[in-house]
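As written, the chains take the letters A, B, C, D, E, F, G and H, and residue 1 is the first residue of each chain.
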Amino acid sequence: MDAGRILDDFRSGAITREQALELLDKLPYEDIDFAKLDHHRQLRRGGVETVFCAGKTAEQVRIIFERFIAAGGNALGTRASAEQAEYVRSALPDVQYDPVSRLLYLVSRPAPKIGCVAVCTAGTSDLPVAEEAAKTAEFFGADVKRFYDVGIAGIHRLFACLDEIRTANAVVAVAGMEGALGGVIAGLVSVPVVAVPTSVGYGASFGGIAPLLTMLNSCAEGMSVVNIDNGFGAGYLVARINKLAVQGNRT
Amino acid sequence: MDAGRILDDFRSGAITREQALELLDKLPYEDIDFAKLDHHRQLRRGGVETVFCAGKTAEQVRIIFERFIAAGGNALGTRASAEQAEYVRSALPDVQYDPVSRLLYLVSRPAPKIGCVAVCTAGTSDLPVAEEAAKTAEFFGADVKRFYDVGIAGIHRLFACLDEIRTANAVVAVAGMEGALGGVIAGLVSVPVVAVPTSVGYGASFGGIAPLLTMLNSCAEGMSVVNIDNGFGAGYLVARINKLAVQGNRT
Amino acid sequence: MDAGRILDDFRSGAITREQALELLDKLPYEDIDFAKLDHHRQLRRGGVETVFCAGKTAEQVRIIFERFIAAGGNALGTRASAEQAEYVRSALPDVQYDPVSRLLYLVSRPAPKIGCVAVCTAGTSDLPVAEEAAKTAEFFGADVKRFYDVGIAGIHRLFACLDEIRTANAVVAVAGMEGALGGVIAGLVSVPVVAVPTSVGYGASFGGIAPLLTMLNSCAEGMSVVNIDNGFGAGYLVARINKLAVQGNRT
Amino acid sequence: MDAGRILDDFRSGAITREQALELLDKLPYEDIDFAKLDHHRQLRRGGVETVFCAGKTAEQVRIIFERFIAAGGNALGTRASAEQAEYVRSALPDVQYDPVSRLLYLVSRPAPKIGCVAVCTAGTSDLPVAEEAAKTAEFFGADVKRFYDVGIAGIHRLFACLDEIRTANAVVAVAGMEGALGGVIAGLVSVPVVAVPTSVGYGASFGGIAPLLTMLNSCAEGMSVVNIDNGFGAGYLVARINKLAVQGNRT
Amino acid sequence: MDAGRILDDFRSGAITREQALELLDKLPYEDIDFAKLDHHRQLRRGGVETVFCAGKTAEQVRIIFERFIAAGGNALGTRASAEQAEYVRSALPDVQYDPVSRLLYLVSRPAPKIGCVAVCTAGTSDLPVAEEAAKTAEFFGADVKRFYDVGIAGIHRLFACLDEIRTANAVVAVAGMEGALGGVIAGLVSVPVVAVPTSVGYGASFGGIAPLLTMLNSCAEGMSVVNIDNGFGAGYLVARINKLAVQGNRT
Amino acid sequence: MDAGRILDDFRSGAITREQALELLDKLPYEDIDFAKLDHHRQLRRGGVETVFCAGKTAEQVRIIFERFIAAGGNALGTRASAEQAEYVRSALPDVQYDPVSRLLYLVSRPAPKIGCVAVCTAGTSDLPVAEEAAKTAEFFGADVKRFYDVGIAGIHRLFACLDEIRTANAVVAVAGMEGALGGVIAGLVSVPVVAVPTSVGYGASFGGIAPLLTMLNSCAEGMSVVNIDNGFGAGYLVARINKLAVQGNRT
Amino acid sequence: MDAGRILDDFRSGAITREQALELLDKLPYEDIDFAKLDHHRQLRRGGVETVFCAGKTAEQVRIIFERFIAAGGNALGTRASAEQAEYVRSALPDVQYDPVSRLLYLVSRPAPKIGCVAVCTAGTSDLPVAEEAAKTAEFFGADVKRFYDVGIAGIHRLFACLDEIRTANAVVAVAGMEGALGGVIAGLVSVPVVAVPTSVGYGASFGGIAPLLTMLNSCAEGMSVVNIDNGFGAGYLVARINKLAVQGNRT
Amino acid sequence: MDAGRILDDFRSGAITREQALELLDKLPYEDIDFAKLDHHRQLRRGGVETVFCAGKTAEQVRIIFERFIAAGGNALGTRASAEQAEYVRSALPDVQYDPVSRLLYLVSRPAPKIGCVAVCTAGTSDLPVAEEAAKTAEFFGADVKRFYDVGIAGIHRLFACLDEIRTANAVVAVAGMEGALGGVIAGLVSVPVVAVPTSVGYGASFGGIAPLLTMLNSCAEGMSVVNIDNGFGAGYLVARINKLAVQGNRT
């Protein structure tokens, strides 16, 4: 039952004024609100749903993907293990899996890639997190350029590709260990930089605390930070900024 | 000396080929590069310089502002104490000070406010950090709407102004204590959310660690985080995103 | 405008079906929901509002209390400094202040004390937090018995008053340093125990982390924990449990 | 030997006054006290014993359950591994095992379920901890309603079942990652909320520290916290509160 | 009422068997146990009471000392501020105060010093904690030898007095910063070493965490650790060990 | 070469005064000191050597034990894995292994057990650490009484054996989770208590940090703490104290 | 294209002044700078490249080593697993692997060992980290003396080899657990000491935090610290200092 | 009495062989060793003593300086407050004080400055720590070049002075906040870099933990770290390296 139906029933006398008020009182939490938000998500994500696969059984993941498929949209699963992927794909062969980024995805309705975001890493070992960011941004419609292994220990490598990085509408900076890459890039570009600390390292990197703190404390302007190893979050965010930058005309 | 001068001197024979090469070798770090970056900063910030006042003497702050004034642009000082402000303003009366946000600023060339960013706080005690964010965003050209005291302990207050928040191009969510505001907002809007943990609280808030972790761990998409109490960083970042969203047409 | 008015206007033809639907869509967040929740708070708290005074200016606190007074209910301010209290009370002499618990309160409509809750402390230095808990519980309608300085270093003191503690419907256990009091009590009584770690101590108590961890790790059943020094939270919670225990007959 | 026997022997002259005094001096720690406390536990738990299985050998667990069975009551083992369960059940087939909650239990004397407690989770991955809470509450006599996957990233899901949650006498809120669920619920209901942080998450969740701090710092009233992943503790506590709320008439 | 009285009343028929049993059931927690434990403390400490003064008002400290004086024994207050001391001594002039160790004490019945304990410090800045340990050990009857500023940065200073340290029955090792003194001494002596980390230092000493961890991780045998800056605890403990070593003949 | 030989050579003219001085200058670090300390260790430990087996190869452990055997004394290896034990024992069948405490030991010269130390645990899961303490104390000559599973959640169990614990010359208190056992015991006995936190627990026990902090912060007098899970250290220390208490007559 | 070519083309008229300026503007980041830095690295390291193998696939490591071999220089891989080593060596048999230090290396152009550095460890379990330091220092041209198992628990062992340690130009001090070795050595020698904390230990060593803090807080002069278990970093650094000390004559 | 005297007395018959042996046995810890180490320190430091003033009384500092003056050498006090300085200088007017670095020093025998070390800072607020490093290095004989405010947020500033930095024999890199300066410099120079984290910053810099971790985790080779704000330690260490680099010819 929706609000329109209540109004109609009220006007027709099928329900009293008191009944109409009571029904309206419960409506926002049950139906209207639900639909409204769903509609909202639909608009925002272009018909895409995402699921965090870690801590779920392979069967739970399969059921969720089946619902996504039934809904006819795109779907993205993060942190999917090879076992989960194999199980899901044996039932749903259209679902794809990338073992590096551990993304499990179904693209029913491919969208054209627009704009440009840059994904940079300090080292080769940061690649899985960077790929999660890059593929997520592509999944949500951004054109992605990759700049890997440009960390500050050999800062000339970063400078060599700086002009190209500057063409992006937003930059993802992925770094473990000391994690200084984000701050250096943010000091050199004029678009938002999303820094992703990684758990790459040992000893006093404390599983990513060191680069996380480095990034939070950067005095370079225009940078923000997401959770350790959260390539998905960074990729989603730059895709969102990229869309704003391409569409424009907002007031 | 710049590259053009070296070329001219070389062609005229005033310097030899070896001398020209040596001069060119040092040039990027001394002049070209410097100018190039300055030009870059100029474009990016609209002739604005910023200075972190904490840990500097009042005299150091005054000298820096004098240089800014001589350069003819706008200037922004963060975390300025009342003492620093009084000292600077006694010498430079055009400089203004806001005791709530502790911002010290000089606006020689006011820019029109464009677009819209929202600054939200969980509680009244988060106001100083929120004002730092809001005034910084305004300083960098964004139109700002403020939504204070809309924390999740009484979530109806947030919903009451949700439609208005949704009109913004980017949202700053300022919260101490449990810090859940950012995640709730990010789950309800479709634009980037920049979360600012504050040191408001006591006991196990550990000076802002609790809301910082809350924000980093949010599973709401489209949110990133800046340092504890870093209203400036959030304000600068949303102004940058706002500009992208208004201008658009980027590729 | 409320839902009834919309229904009436719709039936009278003052607004169209489309206008009615649009108005209803916005209503839950603006009016109905607001009222509903307010009504809800009213029922829950017996017309009481609370305010966290730390980090607010004395003037902000005064304004909030003025609104409370205008609303005709009771009001409770926590962590109020002596300066805030003096400022508020010079304007609003009916407001009372307890310097030990730092509670600032206005009791327009005194309620009868019902049931019984026990507030215990390990040492004398935990007294301010314990008083915040005890006075808060009294403020919300519970009869309170105090058992101070019954820590485990001299466990016979606790046993001496155990029978009396066991008559309570809920127990608050306040302890700093090692913080073992809560677990010992929870092992000896059959009602819920709310443990409050305090920042009393030095060195490796780390401002209350030590008793907090002790309490969280207790293997005694029936105990839960609130934030360090959060006497208010514990007092509010046991008052709530006490009310359930006295009223009963819930299904 | 008990106190009655001592009195009788003293009156009969079998022991002297000095002997009687000496026996009485040791009695409380040996017999009376022991029995008294056992009686006390018996009353409190309805003849139920619990055992923390982690860190014990399968044989140790079996022996403990054998004693429970011999005592004729119910028994509950927490954090039992599949190996422990298999070993115990091969010897004691009446013992049951739930692999999701890792509870091992024997119900010799089933009790009728009374009242109502709600167990809510933020996400699907929090399910094992939630089931430990729910099954424990059921084991101790509470009727349990489950509301899973109602986290704040999609807050409409929570609102959709809010009215039903409000019928409970106590609520368990289970959440990992940012852990904001508890505070949101506590702001919306009028009964005690027991929040359980889980170790679900990655990076800066630090094995559950992030949601633990979120919950401890919540400014929503009426909520307390138990240890990370401690579903048992929360389930036991809400069952205790539920019993108070159903029985009532306490003074 | 005590157990003897109950027995007598029972035999005389003044109370019934049931009444006697009920009285005896409550006795251990009320009277016998209390007296027993008091007697126990009396024996253990030689009529000495101690009080932790921090966090207490000057008046509370005075009242406690007055009771001690009335009881006719010795008394020791730790962490007393100069203000507390002045207030107490203005009322009770026999009480003495040592501003370095912040000990406030009353010695009504001086005891002869026996045996020998050594108190060593790494640096001069550790002196206040060391004096708290030394004076406490003396207060509880031990003869104390002081070896200050013998830290490992100039390890020859320690060796110069090693033979003398080796004559002690127990050693207190006080050190801040790196805190290695305890482990070095424990490797060189054959009696128990009690290590006291101090909050002396800066930066990564984190208020004493660094030396605390150093001491806990020492692989030198025969050493244990007390809380940061807890000179009292160490002094009390070595006095206790010293007494055992002097008396001997224990089985 | 030793000092006597140098003196003789000097007197006989075999070496000059300068040569004698140079030899003497190096002597303390090379020979005298070495022998002196070895002699010292010999006296202290009764011909016993210990080795920390974790992090060593099985072969390294075997070689070390072979040297111990050649020296004709007793030997004790801690934290030996089953693999290390099997490897060593296949070559050296006289070496014994206890899989619970993970101690590997060789007793060539059994010593009579003297005095008495008590080893107490809070729970059954603390047993491996407690056995490491108990067996170590026995190895170093102490008679040991074990009191397991006497934690504070059921404090009557502790009281039931308190009189027996009080007969010991020193007490080891082993506890994980909340770790309150040590403080309770120290408040009830008059001999030194060595507290051992264990890594037993989950969630906010943080691998033993919780009980470690509890123990360090105890306000019960006469207790000190060793590293998490360091049963060996506690056992060695109480054996040392026990020896002092039995021998006595020290000055 | 390099700067000389641009000058020549400009003089010859092959490119215009504007073209020359544009080429020069990009040059530093693309060619000159790159070459300059490479040349710089070449000089600094003597044609050696290093690669951090952890987190890379075996194939990635092989490709990197193939490039090193093609470049004709030496190569060093750190933290290589046995699997990586086997894979690389099956393709490139000249590459060598040391399973203790986990170094994978290729020495095409052996260099003479010069000077002297000392590598000391506190215990046998620190050997893998020490070997990484020692072999790295040798790889970079230093002559290395090893002093293992000279920790402070038996400080005479250190003194026995002190004269020999003092002949080194720089010292690496490797220690886990309490980590005091570095400070003791730094107090006894006059050359730079590089301290390496190791993750050897258990409980409150927290994976190397304890020795890291010990070393950072040492008040012995002339010592600095590298990351936990970072033998490579220490070995590289002392080789660098050693080279300075041997070459000398710097101004 | 020294060893020579003992030898002479022994040869002359003034003491017996037994007496000579006994005297020699004690000598190393009392006289020879003392003298040897003093002689050693004398050589190492050029007659300089240092004292950590924090935590000492002004009088203690004065007495220590008086001894230094009596010894005729240079003296350096670190972390001296203005009050300590004033007190010392009123008695000893030759002592000098620098309020920025808080160094208190007496230069009786000025030494020529040799070689070159560079001291760099990321920001202006790091200046006090940098000055402590620079003045300490000068005090110990190094010629110092300062490069302040060259942090990575504007990396062109660093490049502008890179050639000059490269002329140094060792570099001190002082940085707070994100602390990335050290790693960037270490990637660009070929001499040892000593990184000093500072407590400059706020929020998640946690009093210098953030830059400390950044520096420890740097993958740039040739860098090591000292304690937070430990300018003295860094200055001393680079002076030592500088001396090695200038003298050379070591084997």
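In this section, contacts are C-beta pairs under 8 Å (C-beta built on N, C-alpha and C of every residue); 3 or more make two chains touch, one makes a residue touch a chain.
This structure is a prediction, so every number in the text was calculated from the model and none was measured.
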Between E-G and F-G, the pair joined by more C-beta contacts: E-G
Superposition rotation for chain B onto chain H, Cα-based, multiple of 5°: 90
Same vs different contact residues, chain B with chain C, by half of numbers used: different
Chain D and chain H, separation of their C-alpha mean positions in angstrom: 59
Whole-Å separation of chain centres (CA-atom averages), chain D against chain F: 39
Chain E and chain F: spacing of chain centres that average the CA atoms, whole Å: 24
Per-residue overlap in chain C, given as positions that touch at least 2 other chains: 28-29, 33, 37, 52, 123, 154, 188, 203-205, 209, 212, 216-217, 219, 221, 227-228
Pairs of chains, among all present, that meet the touch criterion: A-B, A-C, A-D, A-G, A-H, B-C, B-D, B-G, B-H, C-D, C-E, C-F, D-E, D-F, E-F, E-G, E-H, F-G, F-H, G-H
Chain A residues within the chain G interface of the complex: 123-125, 154, 156, 159-160, 162-163, 200, 202-205
Complex interface listing, chain B residues touching chain D: 123, 151-155, 177-180, 183-184, 186-188, 201, 203-206, 209-211, 213-221
Residues on chain B engaged by chain H in the complex (per definition of touch): 26, 28-30, 33-34, 37, 52, 54-56, 60, 79, 197, 199, 207-209, 212, 227-230
Of all residues in chain H, those that touch chain F in their complex: 3-4, 7-8, 10-11, 17, 20-21, 24-25, 27-29, 32-33, 36
Chain D contact footprint on chain C (complex, rising order): 37, 40, 43-44, 50, 52, 115-116, 169, 188, 190-192, 194, 212, 216-217, 219, 221-228, 233-234, 236-237, 240-241, 244-251
